[in-house]
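I'd like to ask you about the structure that follows.
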Amino acid sequence: MQIEFEMTDDIMIVNLDGELDHHYSSVIREEIDKTIDTFHTKHLIFNFEKVSFMDSSGIGVIMGRYNKISQLGGKLLITGCSEYIDRILEMAGIYTIATRMKNVADSIALIEGDNIEKGAKSENEQ
Amino acid sequence: MNNNDKDNIQNKMKLQFSNRSENESFARVAVAAFIAPLDPTVEELTEIKTAVSEAVSNAIIHAYGENENEMVTVECLIEKDRRVVIIVTDNGIGIEDVELAREPLYTSKPDEERSGMGFTVMESFMDKLEVESTPGVGTRVIMIKKLDLAYEF
Amino acid sequence: MNNNDKDNIQNKMKLQFSNRSENESFARVAVAAFIAPLDPTVEELTEIKTAVSEAVSNAIIHAYGENENEMVTVECLIEKDRRVVIIVTDNGIGIEDVELAREPLYTSKPDEERSGMGFTVMESFMDKLEVESTPGVGTRVIMIKKLDLAYEF
Amino acid sequence: MQIEFEMTDDIMIVNLDGELDHHYSSVIREEIDKTIDTFHTKHLIFNFEKVSFMDSSGIGVIMGRYNKISQLGGKLLITGCSEYIDRILEMAGIYTIATRMKNVADSIALIEGDNIEKGAKSENEQ
């Protein structure tokens, strides 16, 4: 299991690569939390495109990051899941707390679109 | 196991390994390699690997704590009509209330970010799931899946 | 095995499977998956898989004849300093003259196109090969290979 | 393990693909012998380019085919071996009965060149 981070403003994209099981989940968890703290990340995009295997340990990783990110008022988006990873995430109700997206570009657009809207709104309110 | 069962079995294996989390991936690769001659679909293979991963992780996380000297056992039987039986056994702490344990989202280790979805995933990815457990003695998880007929060209 | 040996062992597994030739590939994949966390080189992995294939084939071909109800055992120990120990055991016919059997090109089954090079390949691909056999009781092949140090970046 | 045959005159190219162990060797053996008989093949080229694994069972397969082919006065050539398949074949002395070639084209050229030479020789002898 390898992990790679990409930053765009206050959005962090977490690119996972390989097999996500209980053995790797603790390292993955630590790496993500450390990076969130270092970069004062607000929003998180999980990119599962290169995840070849995942069991229910992945649910814990996502839930835990949701708890962290939502405290900061951020959003959690998930993209690139294979059919059966999707099935596991659906079973656990992950898509009630995170948004399933087609790709990373759409995910960024959604978050940034939100920001603009909010900005526009507060301008209107002035 | 009576004689009738014995005649049913076409191939079998038994795997024992140290209670270490790096063996989770070993266990699922071994089971996948064992059933490979049945030519399962990618989906069937993924479902079986995931179910094995759940049961083996549970033994490693819940049954023995961190004691790496204990052993986990995985048995796999290939029976007639492409029925695959997988049995994961530990001699660990056991489960007090199996019915509760099997409920979606129930976990005794939320602090370790366990989701409580292990048994639910096994149940959903396999045709049948049986859990036998005795506190202080151990746990045995029996999973059965009948593979689809392979297309012969 | 004394206590000192026990402390040396970092991870271990034991594999038992039906005496069927389709399990030859299962056995080598399982051993390869078990040692994968040591990050062996492709060459080391190939050498180990080949040696396992030789020892397991011998049990299947020579020890039990065609009796598929018998079981073959493969144990793998990962010891300190990246030492891998592989033990292949059968309870088959055994070998009368181990020295003769280990000679290159000696085979008792030339009619089945066996080359008599199995033990020679094991010896050449592993660091150490021990063969213990008792006629009528069975055969145990012990192979040891010390993996090169992995480069850490 | 998959097997594929190509014919050029009295030369048969045996393209092997996959893992060659004891389990597959008997099928491979039968397929080759049947095809030799059907096509009255004289020379044999074993192409190991796509063989990802081989143990000493492969030696038996090659030796057995050598015995068959050499009775018909044919040649046995081997090409495409990985380093460690080469080591196994060398251990068994296979290259004292078969010629190791760089590729299939060279192998065909060698056999056909031989034919021409022999033809030229017999012409000279006339």
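Going by the order they are written in, the chains are A, B, C and D; count residues from 1 in each one.
Definition applied: a residue touches a chain if its C-beta (ideal position, glycine included) is under 8 Å from a C-beta of that chain, and two chains touch if they have at least 3 such contacts.
All values reported here derive from a predicted model rather than from experimental measurement.
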item: Gap in Å, rounded to a whole number, between the CA centres of chain C and chain B; value: 27
item: Mean-CA-position distance for chain D and chain A (Å); value: 55
item: Rounded Å distance between chain B and chain D, as computed from the means of their C-alpha atoms; value: 45
item: Chain D: positions in contact with at least two other chains; value: none
item: Residues of chain B whose C-beta touches two or more other chains; value: 22, 25
item: Arrangement of touching chains [line / ring / star / complete / other]; value: line
item: Chain pairs that touch, as defined at the top of this document; value: A-B, B-C, C-D
item: Residues of chain C that touch chain B when the two form their complex; value: 11-18, 20, 22-23, 25-26, 29-30, 33-34, 36-37
item: Chain D contact footprint on chain C (complex, rising order); value: 21-22, 24-25, 28, 43, 46-47, 49-50, 53-54, 57, 60-61, 104-105, 112-115, 117-118, 120-121, 124
item: For the chain D and chain C complex, residues of the former touching the latter; value: 19, 21-23, 25, 29, 53-57, 59-61, 63-64, 83-84, 87-88, 91-92
